[in-house]
Amino acid sequence: MLAKQWAIDDVGPTNLMVREAAVEEATGNKVLVRAEAVSLNYRDKLVLETGMGLPLQFPFVPGSDLAGVVEAVGPGVTRFKPGDRVITTFHPGRINGPGLGDARHPPYKTLGGYYPGVICQYVTFCEDWFVHAPKTLDAVEASTLPCAGLTAWFALVELGRLKAGDKVLIQGTGGVALFGLQLAKVHGAEVIITSANAEKLERARALGADHAIGRENWAERVLELTQDYGADHIFEIAAGANFGQSLKAVAVNGRISVIGVMDGFELSAPMQSLLLKSPTVQGLSVGHRRALEDLVRAVDRTSLKPVIDKRYSFDELPQALQHLDRGPFGKIVIGF
Amino acid sequence: MLAKQWAIDDVGPTNLMVREAAVEEATGNKVLVRAEAVSLNYRDKLVLETGMGLPLQFPFVPGSDLAGVVEAVGPGVTRFKPGDRVITTFHPGRINGPGLGDARHPPYKTLGGYYPGVICQYVTFCEDWFVHAPKTLDAVEASTLPCAGLTAWFALVELGRLKAGDKVLIQGTGGVALFGLQLAKVHGAEVIITSANAEKLERARALGADHAIGRENWAERVLELTQDYGADHIFEIAAGANFGQSLKAVAVNGRISVIGVMDGFELSAPMQSLLLKSPTVQGLSVGHRRALEDLVRAVDRTSLKPVIDKRYSFDELPQALQHLDRGPFGKIVIGF
Amino acid sequence: MLAKQWAIDDVGPTNLMVREAAVEEATGNKVLVRAEAVSLNYRDKLVLETGMGLPLQFPFVPGSDLAGVVEAVGPGVTRFKPGDRVITTFHPGRINGPGLGDARHPPYKTLGGYYPGVICQYVTFCEDWFVHAPKTLDAVEASTLPCAGLTAWFALVELGRLKAGDKVLIQGTGGVALFGLQLAKVHGAEVIITSANAEKLERARALGADHAIGRENWAERVLELTQDYGADHIFEIAAGANFGQSLKAVAVNGRISVIGVMDGFELSAPMQSLLLKSPTVQGLSVGHRRALEDLVRAVDRTSLKPVIDKRYSFDELPQALQHLDRGPFGKIVIGF
Amino acid sequence: MLAKQWAIDDVGPTNLMVREAAVEEATGNKVLVRAEAVSLNYRDKLVLETGMGLPLQFPFVPGSDLAGVVEAVGPGVTRFKPGDRVITTFHPGRINGPGLGDARHPPYKTLGGYYPGVICQYVTFCEDWFVHAPKTLDAVEASTLPCAGLTAWFALVELGRLKAGDKVLIQGTGGVALFGLQLAKVHGAEVIITSANAEKLERARALGADHAIGRENWAERVLELTQDYGADHIFEIAAGANFGQSLKAVAVNGRISVIGVMDGFELSAPMQSLLLKSPTVQGLSVGHRRALEDLVRAVDRTSLKPVIDKRYSFDELPQALQHLDRGPFGKIVIGF
């Protein structure tokens, strides 16, 4: 069987094309999945345009976050059967515990990177690389969990042990940020969200943000809104000098989850707050499969609906990638 | 009763003088303690010379880490009796849990700072400010626990949950560093220590360091010594650009305890390792009283002996402070 | 000033009387509080009737959970001012960390026990014994937090790290049980509640319980309702042989919080499930002040309203105590 | 190739025989290992004699804890190469996190039980079922880690977060008990060990036990030895009514790891200590592969040597099993 996929033959922004490739059969412990949706991350764009230093195999298919239906299973498969609705895991083989790598070779073996990507009509992967999709989400929604959803869950819940009454500061209104907002509300927390865009602030308020503030001098506003208590949890999306604002706003013994690099690949921190307030600064790189299963269970229980800014068709991948540059409100998804 | 104390009338390096002051009686829940030793920290020098922005009361007595003997107790005292050997707590009133402060006013109410210091023949404080001294240490040794000892314990044990087989990287051979080395060995860990001074490296080896290496390009050496695994725990003493080396050397999901500011008051971090290796970067500001009691218990059980570089007499405080500038191997203590 | 209080002159069910006693002034670090409500616990009845082996001082005033208003403060008080609304802490002086006691003398120094109780018009205690009341609760509601509310919070949140999607099994519909139900829902969990009373099951459903089942063979029902997954958290209220049901129903690596002794003062456990499913069985004795402050914050954020079965007037204490015997749905409170 | 193995054709004590069976080749992700030693557990005896309700496949080979050398690897194997020294994992496939099972079907898929055993000259298993053996142990010593060593490590270190100065109470001098003693000493803890046998107490003292006491009224002795503090960690090996002694001896907020069933398959607990001292009672069922790798690393770092009571040859399995009945001091191992 042949199936369509988006691929590049070389790194660079203009090389994307649709091609056909043979679909691998589901042998051994492999599962053949028909794609229904793929959620995009800004990282996908970086890989396509720069390769990010990864050992890509050409033709290279991008994309990591797929939702689909199991079409066939190999004889050794025990966790799935045909007809099951599934989603991929961002780091194949990271079942639980630390990422797979070491100090010299940091873990970064992801789909649509070290491993092939998923913007294909069909994929055939080891069953370990999938989890069951939530029952309460359609495929477009479900496809947003493996990277953006799990990153927010891992920061706030798995590592951050968020509890009702905690104060959470979310920077921006991208995919991870809005999952952070929604998960914080589901756990009874208080949420402050920042954005430079007044309309996005309004939409964040409608999603449940308790406070929505501008990006100008935001740390001072957080201190005012919390009567100097500060924020228990901060999603650091910008990095760069913005990190100094995060250190100003963080509560004593609070937690700063470093997730994004919007303002640059260096972090700069005045030491005084880091020492005296003793926050935990936690680098984040998505999370493991067990936590993704926890997230799926939480989504089904709480009826949380991921925020999709816009859905594109398979043929519209180039337009979808351009949308990423404009800073979506939530997620951009390719529906098949 | 009058007692001698070292004090300044104004901030500045040359104002130190010995004066006599009335000794407060032990009323209510207060305890009168005759000092036997005071351990110095580099911070004492900074407070004397710059005030560190603190609301000092003049005449101001420096020093935070005292060991002594209870001479008298107020009628409300329940934890101590005359004759008990005690040490001070660095942050008076921080019994357990977070430091006392908020996001705008970071916790920094210490002895010899916001509160008066302890380089006096007698001090009279609330009983809550003391813990029992270890039975196996003399006063000079015991005086090193409240700040340097507890900082290392809090980083490695209370927060770091150090276990046998862990790999610990210690920067330098100062007071906190050598406690880190000794506590790591007591828990069965592997220790790599860095110093620019060959003789100090030799002394560190004699104290149990498994590897003692130079400061030049130390992160690469750590990777080699650990077959690329990296270090589970890092004591970041230098800060500044050195932090980039720590991020290079840290193991996947390892922990960097940020303790000192030897190289400057800014921290600069390349983001890639912070994201991909997902270490925990933990600011440290000593610790709480319950953990100090745990440390005392551990010292008595394991016969750990703090490393005293040199002991000075009460009259030699100026010389002792000068010694701090030269970078002692372990602690400098004033014995009374 | 004289104030009315309920007291006994000797242990026994029939000795309760209203008497007048002098109100202590607020000196030192003490706070004078005018009572507005006292919440009752079954323990209050046991103390009155049996003394529970405690060294009671007669006339003995019962009760531990008070909400009131600060009337005056001593000169050393820093955390409260007149007019502040406050609630008591169940274990005076337990600020954070373990209870105050040792292996031979288990911690049980509570108000209305080792310490005097609070069914008085005025109480004068050390400021450490109070926390600020939630802004969103009236005094009758707020008085239910120090014992019942904190026990449920400590089990599920402080120790249990409850998260959205977790499955929580609550036994019964008493005060702790209904707090457990409400706190679990506030954190996005799934709740199964058991009761032998069909009407109470109906009311529990109205409060948000996802499943409400009878007490007959309840563990089997939990397995069915969870497709054999079991319960992540169990509130063990009955003890005795019922504990075997809890071990049958608990999920792999789940948590059983042992809270009550409805069915007897012995716990009996078949070992196989305890070994193979490796649950954590956690004895509970309310909690510490820092956690109570966390609960207050959570209540204010989430608008959780404690369930009051019936409110009695100060004069109706005997009737209120009789109501405890009948098994209230939620809490019984004396409003002043 | 044919290899010798011990097996039974039916459950019962007298059916053990040596037989020859074909050795499976190392295909796919499988590894062929030549056995050098198998460590025995009392459980092996129970499986042979009663089947323990497990779905055994006959001829059934007993034994779970093997040390050996990799002879050949399948083409998909990435973690091992021929010549590597390896040990088995007790629960195949439990990489990290909870055991594999659910509330109705508790996890108990072990080697020499649900899966075939290892008292064979050669075994061929999936590479996931092995870890690298410690460099500092010979095969006989290394074979004791997968069950006894890991159980003690999991209780004290992985779950118990043992630290220097903690007080550890070990019941008995069997395999798990002596690992507990040694691991506690490696972490700087204080160890009290109980035994009814004076000679074993003497040997335990020689291994580093700080206190070695009789089994008569042991809890009272623990209180005396700790000045009423109690024990932070208790290894509950006997269960039954002995558990009441453990509750008496446990420190406030201490931990009781329930490991064995020497005195019966029921646990009986007076509730008062369980409530007031609020210990954590933790059922244990060995542990996961990641923790076994941690243990291996700790053994190599600290030069801990497992205690082997007696080594038997392959042909002496019946005698070795009889030795188990007599209560060995440490482990019984079959050396090939």
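Going in written order, the chains are labelled A, B, C and D, and every chain counts its residues from 1.
As a working rule, a contact is a pair of C-beta atoms (placed from the backbone, for glycine too) under 8 Å apart; a residue touches a chain by one contact, two chains touch by 3 or more.
For reference, the UniProt names are A, B, C, D = NADPH:quinone reductase-like Zn-dependent oxidoreductase.
In this text the structure is predicted, and so the values were computed from the model without any measurement.
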Of A-C and A-B, pair with higher C-beta contact tally: A-B
Distance between the centres, which are taken as Cα means, of chain C and chain A, whole angstrom: 40
Graph class of chain-chain contacts, one of line, ring, star, complete, other: complete
Interfacial residue positions of chain B with respect to chain C in the complex: 28, 95-97, 290
List of chain A residues in touch with chain B within their complex: 98-99, 101-108, 222-223, 226, 228-231, 239, 248-254, 258-259, 261, 264-285
Chain C to chain A touching residues, read off their complex: 157, 161-165, 183, 186-190, 294-295, 297-302
